[in-house]
Amino acid sequence: MRALVCVEDVEREARARLDPGVRDFIGGGAGDELTLAANRAALDAVRLAPRVLTGLAGWSTAATLLGQPAAMPLAVAPMAYQKLVHPGGERAMARAARQHGVPYTVSTLSSTPLEEIATVGGDLWFQLYWLRDRGLVLELVRRAEDAGYRALMLTVDVPVMGRRRRDARNGFALPGGVTAANLGGGGTAAHRRRPGASAVADHTRQAFDPALGWPDLDWLREHTTLPLILKGVCDPRDAQRAASRGIEAIVVSNHGGRQLDGAPASAELLPPIADAVNGRCQILLDSGIRTGTDILRAAALGADGVLIGRPLLWGLALQGTQGAAHTLSLLQTELAEALALTGCPTPSAARTLHIHPHPGAPPSPPRTA
Amino acid sequence: MRALVCVEDVEREARARLDPGVRDFIGGGAGDELTLAANRAALDAVRLAPRVLTGLAGWSTAATLLGQPAAMPLAVAPMAYQKLVHPGGERAMARAARQHGVPYTVSTLSSTPLEEIATVGGDLWFQLYWLRDRGLVLELVRRAEDAGYRALMLTVDVPVMGRRRRDARNGFALPGGVTAANLGGGGTAAHRRRPGASAVADHTRQAFDPALGWPDLDWLREHTTLPLILKGVCDPRDAQRAASRGIEAIVVSNHGGRQLDGAPASAELLPPIADAVNGRCQILLDSGIRTGTDILRAAALGADGVLIGRPLLWGLALQGTQGAAHTLSLLQTELAEALALTGCPTPSAARTLHIHPHPGAPPSPPRTA
Amino acid sequence: MRALVCVEDVEREARARLDPGVRDFIGGGAGDELTLAANRAALDAVRLAPRVLTGLAGWSTAATLLGQPAAMPLAVAPMAYQKLVHPGGERAMARAARQHGVPYTVSTLSSTPLEEIATVGGDLWFQLYWLRDRGLVLELVRRAEDAGYRALMLTVDVPVMGRRRRDARNGFALPGGVTAANLGGGGTAAHRRRPGASAVADHTRQAFDPALGWPDLDWLREHTTLPLILKGVCDPRDAQRAASRGIEAIVVSNHGGRQLDGAPASAELLPPIADAVNGRCQILLDSGIRTGTDILRAAALGADGVLIGRPLLWGLALQGTQGAAHTLSLLQTELAEALALTGCPTPSAARTLHIHPHPGAPPSPPRTA
Amino acid sequence: MRALVCVEDVEREARARLDPGVRDFIGGGAGDELTLAANRAALDAVRLAPRVLTGLAGWSTAATLLGQPAAMPLAVAPMAYQKLVHPGGERAMARAARQHGVPYTVSTLSSTPLEEIATVGGDLWFQLYWLRDRGLVLELVRRAEDAGYRALMLTVDVPVMGRRRRDARNGFALPGGVTAANLGGGGTAAHRRRPGASAVADHTRQAFDPALGWPDLDWLREHTTLPLILKGVCDPRDAQRAASRGIEAIVVSNHGGRQLDGAPASAELLPPIADAVNGRCQILLDSGIRTGTDILRAAALGADGVLIGRPLLWGLALQGTQGAAHTLSLLQTELAEALALTGCPTPSAARTLHIHPHPGAPPSPPRTA
């Protein structure tokens, strides 16, 4: 294997080794994958003008996420079924996160029971999908609390699953050995291969309640004392409403281009949302973060941190814990260098940098027709 | 045949099977096909920011078109000579429209007599070209009325036919079995192959009266009580004039890039036209609509509905009624999902979404030099 | 030979048949050919919104150029050494122009004596390069007057010849049979092949006086009563000065991308120049005009007409007079159709059309740093 | 070898002959090489509208740099280890600069001792990296003063070396015969090949002090009377601070895209920096200058001159002094022609030209989130 000197290298190698169906399930986006591409284009378009002669002898990538210290302003994004790419699955990934001192978010659809993952230790968050069975939701919350999870991340952008054409063309379904371990762990619709359809989407349709609303959030708030994170906020009006309800953080995200194809790039959404939130809660960004500079870009645009999705699965696929840890190492080294080169003592200092829009890509305010 | 999970798949398969001359006649545009490409680029550039936590349990794609209920805000665009791609021709297409509860627009140049198509039933509209023979125009109106058509769509953007280079290079002419069935049905100039020229354009030149004007519209208004739709409006000044004359709807359209190459993308024209019309008549959009998200984009920009052209011909070419119906199914499913993912109970609710211009593609107001 | 249904077809065929050195001399531009490409991009970016229901029964491509009627708002651009591509040379080209009722501009560097070309008849203009030998300039003026030329076009954008890398790489030089027939007609530096250099540029350097200034223009004005056209104006300040000095017309031009690579596209320069001129003289546009729509675009942006360069040489190369005439036919047919499709009775009516900037290509006002 | 008619030709030929590791070390940039590409795109986007009829008989490329006359507004950029591409190394390059009457900047990391280079003569500047060993810094300053160097250029954009993935993938290290001759000249970390890492970066990490600050600049100012140039300024706030401290010049530079990938193109940074400096010191630009037009573009945007980097190494690699001199000849000839074609008597006159933003690339003011 060639030296893997950046996340792109990790992705390339992992793609070459993975089963095509799994590779597409991970790498793909919804529809024409326009939003998937836009996520990258928007980040590339954020160009930061370095400061010089700052006299700084050192830089720290450290950050505070939800009141807890983290080695960098980064958490592992919730991602379902991690055993698809490596037998170690969620435990292997959690180990990498713990080694690097960053939070790991366990998905409702993890292929390892949340309690088992908790034995790895580290800073763990639990991601909640809004299941039709409200009892099950409450049970998951209690289990996460009991297992020592430190935060709940409610994903709000999956009333239904986005149409991922690759999965439909592949007739993608879960292999027998990979199950929704927190939800009983047996075979589900996600295992019933249907030509021309995604079995994972079939399962989601059955299990998820699309009618999630603001009162449900209040209900959740009442039933737990864990910090709450809303994942999948794209409109400043929703961000404003969330911030005024005692939420600890929001994730500005288009689910990595996997939900509405035609949604704006998440990086573009950040500035107006940061304005609307106005410091009342933390803001995380995900969808397309691939380099340390991207983490600094997010900070410059107003984020307190980022979630990293696919790059960690590619790493996990290649070499388990070691592979995921390599991805985290690359990001941390790159972030440290970007701090040095821009003269920022910490990521949050990036907010004072001048941002130049890329030629041809002026960040524009949203417009209502 | 691989699973056809989106309209693009339908098009690809159909193109692979059609005779090159017919494929080019359908798929091609005028001139350098800049407007053909711009139609897509402008739609792709409309990015909609989803709303979350709406508490909506269901979404309805239903709409009202010209006062009639339709299963979605969509009508089949008028398209000439549908027997070119399938022996079932217009009747097969009309059946698909009826099955899906959407209006079907019969072209003046249909290859099946309008009365025969009417036997299929469903919500039928008749499209009128302005023929040199005014008596024939009136006769067509009466025949449509008698056969139970519910609306007349006057196409105003074909004073002459646009220069479609593919047809000229192919020396495209109609095969013997496909005729203008409403206009006598015999062989016409459209059947006389001329190298380096389009016989269909030759026929148009002979048959169509380019001098169509506002008084003609008044004349038509006086001669029928059917609702009138003007198809091919691109300038807010014309839209404003039409709206003030008791027209029921306009179609903002550049004829799918088949008339003036160098015309703006229809999606770009929509906002200023919606302003000019200001609710006085319905606004439909066509040219380049390919996904359910596109239908929502049109709604967000101010349209009450869309016309679908080529995607239905590709479907018809593949599998007759079933193929066209598959295209309609795909669009409806995608639209329903786009509603769910943006938190819109109905398509018209899209008007409250934030629209982000694509990096590098700011929708700009028209400018007069 | 396939049907040549547009200028692009003519170019493709001609390029395939011409000697590479000649093909590059004609088709090439200066430097990185950025301006060559920008000329097309800027025209493509001008999108015209059609008007409908105008009631127009006919359209006329006719125009008035320098007070004389022309069949369309178009003149043949001055182009040196036309015998390079066809033995009929300038006379063959002039015949095509006469047949189509448009002016033909004879270059100072024509490969046929201006008097011989004059025997063809038609509306002839003479293009003047500012030669170091002022006596020769005056002699050319007198000869043009005597031979019945109707206008003088002074080219002001060649103080030195632009660096055309293709010619330098090809070590391009004129073949023996092609000479500067108006300047003695013998062998010149333009015939002395130098590896790594353009012999035509060498000749220009020897023969042309770079120090052309406004007083020289006054001098010329005093020495002839022929209408004067300034070719190569790119800055509104120069246009304003020319207009206030009794010039009959200016040509907004970057010499087809052959002089300063890095100059703006000519179409972009037009609006501010039209403002500066404010009707005090006619404005012609050249550089990149390839379709009838382009001619209408030029009119919409404020031009009274255009010059056509390379497309006529490609036509001449293919079939002499007939080939050049075919190019003119294509342009006239396309222009007539563009008039019909935009609802303009004449080209000048295009000034009332709405112009939409292409996504990503907003025409912007000039800026001084 | 084909005729080398432009810098691009020189680069192409040199790349074809160089060892891949060296070729990548020279040609590569940091990260995704976005800034490397942006440098060119931003220059291409600066389009200058020529002036005509200026009456100028001649043009001079001459300029004044740091109070000294130069044959053109250009200096050779400091570049480490020039023996990597040619045994003549720095001396061969310095000879080319002297022949062409432009300053040559010797790098701290030159592979020839600065005194030896000084024997070549010409206008020499010395570039200073901020070494951890402050005594060594002072010693270098004294040696440069003693050897007759005319200016000190302090590079401020390398607190750490940018991550150049090519070098890491190649495991690039210096060959034995090429050493940091000013720093003892023995083997260093730069010679210890490490797979997956750049040995040159390793060496930099050991040798350079990242904590360079404004007080250090004051210290340097006190310890030398040589004119000071700050290289690597990207933010107008830093430029303003430098200008107010008695610096003679700044270089607006992103180190040729070799440091922070994601930094803005240097040409874009120039206008706001020129505003901030407001004539208080000279401004040089580097990163991507490849043609004479680029030099004029820089002048139009507010630069007093440019530095040329890689193009001279490509020339040196091909033919030593003669090759580097050929690059300088090309640039001077092109600049002279660009002056002629824009009607500018001198480069600085370019400031009065109208600058057109390239379609799609509006120069935008910086924005702080």
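The chains carry the letters A, B, C and D, assigned in the order they are written, with residues numbered from 1 in each.
Quick note on the criterion: a contact is a pair of C-beta atoms (placed from the backbone, for glycine too) under 8 Å apart; a residue touches a chain by one contact, two chains touch by 3 or more.
Keep in mind that what you see is a predicted model, and the values were worked out from it rather than measured.
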| item | value |
| --- | --- |
| Shared interface numbering between subunit C and subunit B [over half = same, under half = different] | different |
| Inter-centroid spacing, subunit C versus subunit A (mean Cα positions, whole Å) | 58 |
| Distance from subunit D to subunit C - Cα centre to Cα centre, in angstrom | 41 |
| Per-residue overlap in subunit C, given as positions that touch at least 2 other chains | 358, 360, 362-363 |
| Graph class of chain-chain contacts, one of line, ring, star, complete, other | ring |
| Contacting residues of subunit A [partner subunit D, same complex] | 2-6, 8, 44, 46-57, 271, 274, 291, 293, 296-297, 300-302, 333-334, 337-338, 340-343, 351-360, 362-363 |
| Of all residues in subunit B, those that touch subunit C in their complex | 31-32, 34-35, 38, 41-42, 45, 156-157, 159-160, 162-163, 165, 168-169, 171, 195-196, 210-217, 230, 232-238, 241, 254, 259-265, 268-269, 358, 360-364, 366-369 |
